[in-house]
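Before anything else, here is the set of structures, which you'll find just below.
Each of the next two complexes has subunit A plus one more chain, namely subunit B in the first and subunit C in the second.
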Partner chain A sequence: MSGLVNPTVARITLRATLSRKRALLFAIPAAVLIVLTLVLKATHAPSRAWPSHVLGTFGFSVLLPLTALIIGTSVLGAEVDDGSIVHLLATPVRRFSVVATKFGVATGLTIVFAAVPELIAALIAGGGSASPLGGDKVGLVSISTSQFATGLFVGALACSVIYNAVFVMVSVATTRAIAVGLLYVLVWETLLANFVSGVRLLSVSHYGLGIAGGFVTDPALQAGLGVLTSVVMGIIVTAAALLLAVSLLSSFTLKGEPA
Partner chain B sequence: MPDPQAAGVIHDLGYRGYDGPRLGRAQIVRALTWHSFRSAFGIGRGVKGKIVPLLAVIAMCLPALVNAFAVASGNQRLFGYDVYVPSLRAAVVIVFISAQAPELVSRDLRSRVLPLYFCRPLRRGDYPLAKYLAMTAALLILIEVPLVVLYLGTIASANGGSAVWTQTRALIPGLGVGLMWAVLFAAIGLVLASLTGRRAYSTGVVAISCILTFFLALLLIDAEGGMKDATSTGARVAGLFSPFTILDGVRVWLGGDPGTGLVPDPGGYGPLYGVVAVILLAACLAGLAARYRKVSQA
Partner chain C sequence: MTIELRSVSRWYGNVVAVNDVTMSIGPGVTGLLGPNGAGKSTIMHMIAGFLPPSRGELTVAGQPSWHRPAMYRQVGLVPERDSVYAFLTGEQFVTATARLHELGDPAATASRAISLLDMGAAADRKIATYSKGMRQRIKVAAALVHDPEILVLDEPFNGMDPRQRLHMMDLLDKLGSEGRTVLFSSHILEEVERLSGVIQVVVAGRLAASGDFRAIRRLMTSRPHVFTVRSSDDRLLGGALIGRPAVTAVELSRAGLQVRTSDYGAFGRDIAVLARQHGVRLREVLPADESLESVFAYLVAS
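What follows is the complex of A and B.
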């Protein structure tokens, strides 16, 4: 059982995460995004740059972080929560491999429930439209659908990876992973990162938008970072979060919750 | 010799009896409300239980403190009493209800203590009523305290009684808006959180439904022309998609300044916002009462 990914752990995690009505919870944000895109597509000409707003703002600061938050914190957090993690840790599976497997499953699920809907919505929306001065309707540069969709999809893939690394780490670090993650997503990612430009350097959704910006130049996406910065910072954050998760899980102690 | 007062109540487990006064239903509701109110702020819980409510209160009060310094150095008051800092207030309220509403209701479902509560002289509606009162009071503290800080920070540098009176007159509708927020969001948070006994998932349910609807409404307002260009019917009714924008619409309808909040002026649709807000509140409370009519499944 050497190697990075343990198939048994992966299978159990997948089954536990998708069981019962929970999968429905992950699917709601994606469904809302697609329905919203369909409705706006039916009622508006794509001249107001709404595809970029819907897919950029809603997709990258709401859909991706929320889906990743719910999935990323539940793959490991659910077992920490009910205490069954001890059974897993008692098996001769390396802690690194546990974290890597959980992270892999979470990333895969996030791609299915968030990045793919983002791609579908981008294809439906049919290309953003960039106006050089932002909001000005004169001089619209239309962007081809495929280019727009590819850019957003790759950005969303990158976001799925980075977010899940962060949230898996958070779920090992604290028993209130969802509450802490929520605070981070709302206050850091949606509020601060959009108002304080320095925060963007440490904001996952801006890494995603930066990477998307490498494929498609659309000022309405409001990518605050360059491609290279985004890629490098994304890799650093992912690696740091995973290493921290492994080291936290290595010295993991199960604490009884005070009543 | 069984006490005739205690008929129908399981108290006698064969241990040494208690024949002192029994405080009855009203006292149980009071105690449950007080206990729930304390746990909404993590009082009586471990350090970890205090992190989120404490951070929420600090984040909420920070702008008011900044305002005190700004006013002291000669500026005007930075934030309105009725809207405060709209996006921050919405974000903090979302975090607070999604972290603390499950704290109030999911734990009891998870550890299956509800049958123990209900074998006391407690009626079915009393338990959700106590939880609702506690959550409303907690939200009132969270929302109104920063407004009072804002007010005190402003009048501390005001000169003359008329300036103080102007501030007081502006504060009162602000407190009213805060009351609307507390009453509605306590109901929404509790009814969603009581759907499941797993705290992590009920947090997720509350958070996802609040955030999704909030951003949905903001995006629709934006796509329909935005805050400034609010003449289209679309922009005026787009706010109906989220409780935050509904309440802001009610605020504008009741005479608030349309340019400062979350939604454009609803114009003739103002009463619609009021009606929807009342219906939403009634639906949440009815759902909460219905949820606790039968508690066999956690």
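What follows is the complex of A and C.
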């Protein structure tokens, strides 16, 4: 019987998502990250500063949310916008299972197109020594490549999950999901969360950084939140977003008279 | 298995789309007819479970349709919107629908539904390559795949050619005579000439008329009509037409013939026969003053 994930919905979603032209965009942020890492690696002396900034700040508050935005809003939002969701909703499939499946597919794709590239970039950037103050040479902390890469990868996995829950919900809530999501990523995640410390408690990228911080003590990552706070907040935000998405989808309406 | 509306209203802000409609739709074929903007779609959406009534009670098979996905085990829905998973083939689409309904043998049930709709030949093609009429039919096949007691079709004749339309009407009649409750909407009364059953006419959000299909159609076809006709020899054709009892006046003008008739149906038959007899080629036969509102207004008045 209908479990959490519906294989038919998953198959159709995967095909629909990958067959759209938008699918070409999925790989762009990842390509930028890897190229940037390669360039920095070639032009800079070994340092802790840039890998953490590029992979931590840029990775978690730009690469991951943008990839998740493109994917998360297309797995369900595209069908809601063009009305083909009616074919799916006119069946007894549980709405929770529809949302869970769409979310699962989006998270999987985001891991492939964003979290794995983070891992690759982290392995390229490598470990090294870091100073507790993020400046130079006073009280160096040594970080191995595997530590650094593990931390970033786990953080990126967490971000993939949480961001997609948020964007799947946004795509059911509004037909302007991309615009709303973009505004959220640019204003909230990249700007406010990095400059206003109070916002961190409600910032997905900081949950990712906080979780990464549990695997690698790298002050340059600027993890503002502890691991526990990050995990708990991440779970709360994910669950709340998904439940809201289920409730919105259950109340999906066809409106008005077509002219 | 019935669909019941009791004092159902629906409004959007200040605009009332459906105003205090009460109707009961039982087994057999029922047509919900009315001009565009009359509130048909709103009623169909509410019945289909995709819109809650603002007031009143609406039940499908005894329970409210809103927030009740389990209803779709008994209900097949053909939405008006043309959007389907165009990247799937017709067969994949219907089979996927069968899987979503958790049917025992999805492939077999799907192929049965596909052949019922005469879509076997195109089943292996992607839906993206289908004509509008074919899309309609594959949507009906998907809606019938779980053998529902109730079938709800929103504007099913849209985009169909006359042959497909007749085929669809025969199918709906057949489903209705099997004891299923079949409800469809249409904004063109003439489209549904072949159907028997009950029609409900909605005008300006209210139920304006309801009754036997044939009685209402008779009213329809015997009302006065004006046609504009252009042909290869208007004068010859006009002379022949004036000899027919159904034709009350013929005017010859530069734009063609203006023909006044008291019987819509008889005129349609006559003009074809006369044109052939006299070797006149018909270029255009257009009903003048055929705003749907006037048609339905006429119906409501009578």
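Just so we're on the same page, the second predicted complex is superposed on the first by the 244 of 259 C-alpha atoms of A that agree within 3 Å, B and C clash if a C-alpha of one lies under 4 Å from a C-alpha of the other, contacts with A are read in each partner's own complex, and residues count from 1 in each chain.
The criterion applied here is as follows: contacts are C-beta pairs under 8 Å (C-beta built on N, C-alpha and C of every residue); 3 or more make two chains touch, one makes a residue touch a chain.
Because the structure is predicted, anything quoted here is derived from the model rather than measured.
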First (subunit B), second (subunit C), both or neither touched by A:P92: second
First (subunit B), second (subunit C), both or neither touched by A:G83: second
Touching partner for A:L191 - first (subunit B), second (subunit C), both, neither: first
Common ground on subunit A, meaning residues reached by subunit C in one complex and by subunit B in the other: 257-259
Of all residues in subunit A, those that touch subunit C in their complex: 1-2, 6, 8-9, 11-12, 15-16, 19, 82-84, 86-95, 250-259
Subunit A contact footprint on subunit C (complex, rising order): 12, 17, 36-42, 45, 48-52, 67, 69-73, 75-77, 79-81, 83-85, 87-88, 96-97, 99-102, 139, 142-143
Subunit B residues touching subunit A - in the complex, by the definition given at the top: 45-46, 48-49, 51-52, 55, 59, 87-88, 91, 94-95, 98-99, 198-201, 203-205, 207-208, 211-212, 215-216, 219-220, 222-223
List of subunit A residues in touch with subunit B within their complex: 22, 25, 28-29, 32, 36, 40, 44, 48, 50, 53-54, 57-58, 61-62, 66, 69-70, 73-74, 77-78, 81, 174-180, 182-183, 186-187, 190-191, 257-259
